[in-house]
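Going in written order, the chains are labelled A, B, C, D, E and F, and every chain counts its residues from 1.
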């Protein structure tokens, strides 16, 4: 059940086809998941979103691909985004996340959720030593 | 400005002193940050919280220490926990996070925030292939 | 699957009937959606909630009806409220939201989600020029 | 620093004065906290908001006044609402919350934050026995 | 649909069996809900999580058991944790929450959600009188 | 107090200067607010973020500029992003938002926060009529 209508034969639109082809080439797989299929209702939004995700997640950068997926899961869990949790947990497993690593990830995510609540409740002043502003460390 | 009263001479309480000593020994530093100082208003809560954080963050596990800090930052940002963001960003820098890695982390956290909004809006059905239940992959 | 029991024949209760009649008259439709049907388990809560929603959403005010629905969607998406996202997206379409407008709304909601993460991470000081306190602009 | 301008001599407006007088009478105190002072920029919003808060928090109901404050704190912490956390923690203390009760409250809030993260990550199916729909228990 | 695989015959693992036995003994019931069944994929995480929840929720403390469940519901609702909302609403009912109390809880949770939004929007300065820091009251 | 160091003379970097010049030209103002000044610590992140915000917020599209700011405020409030709330409320005022419109916006944001809590608590099933999937309306 979605708020948008799934477009049948979306790839008859050349802008959609170009994005889907790039997704397939980037991932070396014919599978297109529902996010992109449904997003095809607006080709411009599809293009912008895929370019944004691709440039961050599929291009080599300072953090390795698996670490980026773990961070993505952490944000998605905290935002209670069901689809994102499922898709990025699957992506992390595909990039090598073992059950042991997943349990460790859950442990960190849960601990952060626990102490975030304590600090948001207690409103403790931030230690000046944490300030990076003006080059101070 | 906090919702609890900072205890002066908290370490005259032996339970508080034991936790503070363990924090110093674990971190090899005399510095105790405000979270623990303010939490000392209730020694039991202080003990439980420190044991929980220590066992997850200070004990070697499947994920390396820096990755765990990056995940911790990601959750804290999403929960808008100002103190936690400051303390764990400082911790990540102390464990080797460079400006380049931090910028990359921000990129992933921002991208997740962006697509989480799209998926929570569109309510796209989760692809069956993502289901891990009952051992299916 | 709900945490409350759907009341059969809820309208035998005159307080519930009065609210349902007002919903039908206000919306010029016989359809009562599930939110109100389930809320009928407590007539007082039903009355208060409907009065609150009606006075804000169904009475002419400074913002036009469609703009109010777009704002409602934005909040509901960010709170990950599945029901609210579905019902208010349907309401926005009924009030004239086209696919093009919906795509634009998604673009803004996603961009805000993206920069909210950056600012909650970086904890940038607010520019004094934004301060409205004490009449300063 | 606020997004609205604090109105000087707000009580020269009779609608504002009526609300402020009711706040003083209800709380048996001359003190008006900043929330209401700043909200006075729009008398209608001030009236509606005070009526809503008063009818829920200041009128005897199924839950006792202190329990209602504890629940209010729990929501405000989770929403990271700094002002609400401060004002309702003060209100809870005024209604009898001891340091021991506050520490216990923090323990529950933190535990919920911890397991919420685990469940939002694991996406475990809800046990059918929890369903209240259609009168099943 | 879950991100982890439900372990069949999880109790052949003695660590899992020990936790499940303790859950049954603590709750005086043979029923083990899905959270623990799925968490059994990692015995250490299962042990830590159960110990944490048990020590807070099943051990007599400053707040009574029902009040703790109400607070747990409030946090879970605000975090949009579907499973937690269902399981803790069921737990609260089992501990004596009536429909009238539930409606009152909803009223408080909704009012907090409403004023949290106002304060997070208006960014009103916190009244100095709310400050507990340094023993001031 | 920030987690990044404010770069002095950031515009000596030509990539930073190009972005700042475009911000000035787009907004027809010499003022650069702190978000961009601090983001300059990583020129690539600065470029990507500005391009994303500009293409959505500064380019004519289906929704008018003021409506887009109102939606941006709604998301930022719900995410408890203090900086974003201040900067976009200022932007909305600059684009014509009156006090009366702002009060109305607050009313909608608060009402959504209120009913989001009710629906996330009650977990009411979504009415089939809201489903847009497969072209059904």
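Keep this in mind: contacts are C-beta pairs under 8 Å (C-beta built on N, C-alpha and C of every residue); 3 or more make two chains touch, one makes a residue touch a chain.
If you're wondering where the values come from, they're calculated on a predicted model, not measured in any experiment.
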Legend entry - Any chain that touches chain F and chain C: A, B, D, E
Inset, instruction - Would you identify the chain whose Cα-based centre sits farthest away from the centre of chain F? - result: E
Inset, instruction - Name the chain whose C-alpha centroid is farthest from the C-alpha centroid of chain B. - result: C
Inset, instruction - List the centre-to-centre spacing of chain A and chain C in whole Å, with centres computed as mean CA coordinates. - result: 27
Legend entry - Whole-Å gap separating chain E and chain F, where each centre is the average of the chain's CA atoms: 33
Inset, instruction - Provide the list of chain D residues touching at least two other chains, using ranges where the numbers run on. - result: 1-4, 48-49, 52, 75, 77-82, 85-86, 89-90, 100, 103, 106-107, 109-118, 120-123, 125-126, 130-133
Legend entry - Footprint of chain F on chain E - complex, ascending: 73, 77-78, 80, 82, 85-86, 89, 106, 109-118, 120-123
Inset, instruction - Provide the residue numbers of chain F that touch chain B in the complex, in ascending order. - result: 1, 3-4, 41-42, 44-45, 48-49, 75, 79-81, 133
Legend entry - chain D-facing residues of chain C, complex: 1-6, 48, 52, 55, 126, 128, 130-136
Legend entry - chain A to chain B touching residues, read off their complex: 1-4, 31, 33-35, 38-39, 49, 52-53, 56-57, 61-63, 67-68, 70-72, 74-84, 86-90, 93, 98, 100-101, 103-105, 107-109, 111-116, 118-127, 129-132, 137
Legend entry - Of all residues in chain A, those that touch chain E in their complex: 80, 85-86, 89-90, 99-100, 102-103, 106-107, 110, 117, 125
